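Next up: the structures, one after another.
Look at the two complexes coming up: chain A is in both, with chain B in one and chain C in the other.
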Partner chain A sequence: MPFDSKNDAGHTIVSIDETRLDASLSEPLRIYLFDQIDNGSDNLVIDLSQVRFMDSSGLGALVAGLKKMGGAGSMKLASAQPAVMDLFSLTSMDKLFTILPTVTEAIKEK
Partner chain B sequence: MDILIVEDARDQRMILSVVLKKQGHRVFEASDGYEALNVLESHPDIRIVISDWMMPNMDGIELCEAIRNSDFGYYIYFMLLTGNSDREAVVEGINRGADDFINKPVDFAELGARLNAGIRIIELKAALEHKIHTIEKDLESAAETQARLLSEPAKIQSVDFNWYFQPSRILGGDMFGYQALDGETLGFYQLDVAGHGIPSALFSFSLNNTLREDGSGSLVKASFSEPPFYRIKEPNEVLVSLNEQFQAKPESMLYFTIAYGVINSRTGSVTLSQAGHPSSLWLKSGSKSVEKIACGGVPIGMMPDMTYKNVTIALQPGDRLFLYSDGVTECENDIGEMFGEDRLVASLEDAFDHTLEAMISRVEQDITNWTGADVFEDDVTYLVLEWQP
Partner chain C sequence: MTDEKGQAVRLEIDSELANTTLIAMAVRGLCAMTTLSPVEVNRVELCVVEIVNNAIEHAYGNEKGHKVEVGVSLLQACLMLTISDWGKPMEQGKLGSRDMSVDPDNPAAWLCSGRGLPIVQSLMDSVEYQTVGDKNSFIMSKQIRS
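And then the complex of A and B:
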């Protein structure tokens, strides 16, 4: 499983240990995020530092997690690389997520 | 069942042949691997090969590998006869493609049972292949339906429309369209449903319907009982309506990106709104330059209550607009490098003096040269319009 999670200051940090977040990984990621949410994680930080490329289905998995939470709790994105930031800006993801440069800043951000 | 016996010892071969014939099989014989390959080629009904291991010229294992490496178009069940009860030899045989083993001297009851097991596998495979074939036929006819939904290249009022569309597998989630909304206004769009295959394609079919105006009022044109009886909706209003209508479920996340625009065919004024779609490109005929029309927006269906921006530009005669899906720029070459927006823009700049058709083939050529193949990982679609009053 290319995903890992750890708890830090009331947050669940989910890291993605793959360089491509595309159709082949989007469904496993969605299931992983749903499991985290079902198990009571309500403050998620997604560490994207390893991801060099994300396509629309990868984006879909992140938004699916957000929709699943349904406004209860928070999901923040951290450490996105430039190509991933380009996708976030094209798709106005800043309207849906709090996007921060590092995991540490994401944890501090209220 | 048609069975081929490969055995260099003539007496052994004859005994096996007689026994199998008695069990109701049609039997062919060969005395070594080379002869066996010839028999297989001229008798395409043979599905089972029972081969001795040790033979001159080409032995049983080499024959098995030769069969596995050749393209018969159907599966051949391969059984090795061996006096060699050495476990390592058995493992080697299976690793090199054999399906089963029979120890020599042959116990005929065991041979019959093992043959029956082989026949069950062959029949299962045949049933599976038949089902796959049926599904593929269905997919092909769905792809034909999709192709019929696509608008023909056309000149409507003073706007020329043309396009390129190449679905990734048999079916794609990309769609586009254009139509007159009144005597001087045309609507056009290009969209990309996330994912590929049947769910995405079905969704794109229904979107094609939703975005069609048939004169009785629709998502793109509101109708009233009082004059002027209708109002053409602003592109951002259309996107908001789509977003209200098509919210994705978290489990399936069928959502889409779209560029939707309207053009006044008399004045050349274009208003465009985009939802997570790659920025459309404005090809300016006067300066021979390419300008990105950037207006971001959350893809349709991701979240309710999103708003979208309109961008209005004034086309000059001969100007073109290029709408495309991310499959164009995300095409990868053999080392995984993407075609990208810069190469697309360069390709379009080189094609300024081309006709619309020639420009479309030029971009296609540049993409296929880049990928080195004409089968793409994602749907590749672009829609081009030219205003020529």
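And then the complex of A and C:
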């Protein structure tokens, strides 16, 4: 599975080791995020630094994770690449997600 | 395949989501022959992926073993893409809404799917859907600067 997680300063950092977060990977990502949340991770940072392309399915998996948090805790995005940032802007999802330039900044951000 | 107006190529994949990448990469390569900017190429790739995904997921219900055909025409003034399937036609009325507004204060209304067509309609200069016989085609174009 191209997902990994580690704990850092009270946050769970989920990394995606794929350049394309598309429909073939969106459901496995959704399940992975749900598992993390069900297992008690309430401060998630999604490291998108490797992702060069994301489609609406990949975006949907992230929205599903954010909805599952249900307002408890946080889910922030880090290191979104230009095409990914463009998708968030086009779909107004940049209004839902807190997007930081780096994982370090995402951890520090209150 | 050529005509008097430009050049055209036809690509074909089996109806598996993992195969969408093949189409995406091929279309990126063809876009490199045009004056489209890197941002525009990314957006054309996104649109092609969204429509091919729709064909696989909705026309064929995620069932392997069916044909998805992508025609790419490089014309003088535009890039034309035709994505065809021989599955269940798209419901009438699916095309039209480009609304992707979201209310951050209303999580219940946050959509986890259904953004593909609004994205495509927002990014392409024209979109059209037609069914002729048992063939469904989504036709979209992007203007090219000369």
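One rule holds for everything that comes next: the second predicted complex is superposed on the first by the 110 of 110 C-alpha atoms of A that agree within 3 Å, B and C clash if a C-alpha of one lies under 4 Å from a C-alpha of the other, contacts with A are read in each partner's own complex, and residues count from 1 in each chain.
The rule is short, and it goes like this: a contact is a pair of C-beta atoms (placed from the backbone, for glycine too) under 8 Å apart; a residue touches a chain by one contact, two chains touch by 3 or more.
Keep in mind that what you see is a predicted model, and the values were worked out from it rather than measured.
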| item | value |
| --- | --- |
| Clash or fit (per the criteria above) of chain B with chain C on chain A | clash |
| Touching partner for A:24 - first (chain B), second (chain C), both, neither | second |
| Chain B versus chain C as contact partner of A:13, first or second or both or neither | neither |
| Chain B versus chain C as contact partner of A:55, first or second or both or neither | both |
| Partner chain in contact with A:77 - chain B first, chain C second, else both or neither | neither |
| Chain B versus chain C as contact partner of A:95, first or second or both or neither | both |
| Contacts of A:63 with chain B and chain C, given as first, second, both or neither | both |
| Chain B and chain C contact sites that coincide on chain A, given as residue numbers | 23, 55-57, 59-61, 63-64, 66-67, 90-93, 95-96 |
| Interface residues, chain B side, partner chain A - complex | 192, 194-196, 248-251, 253, 255, 257, 276-279, 296-299, 302-303, 306, 326, 330, 378 |
| List of chain A residues in touch with chain C within their complex | 20, 22-24, 53, 55-57, 59-61, 63-64, 66-67, 70-71, 82-83, 86-87, 90-93, 95-96 |
| Touching residues on chain C, where the partner in the complex is chain A | 17-18, 20-21, 24, 39, 42-43, 45-46, 49-50, 53, 56-57, 100-102, 104, 107, 110-116, 119, 122-123 |
| Chain B-touching residues of chain A, taken from the complex the two chains share | 23, 30, 34, 55-57, 59-61, 63-68, 89-93, 95-96 |
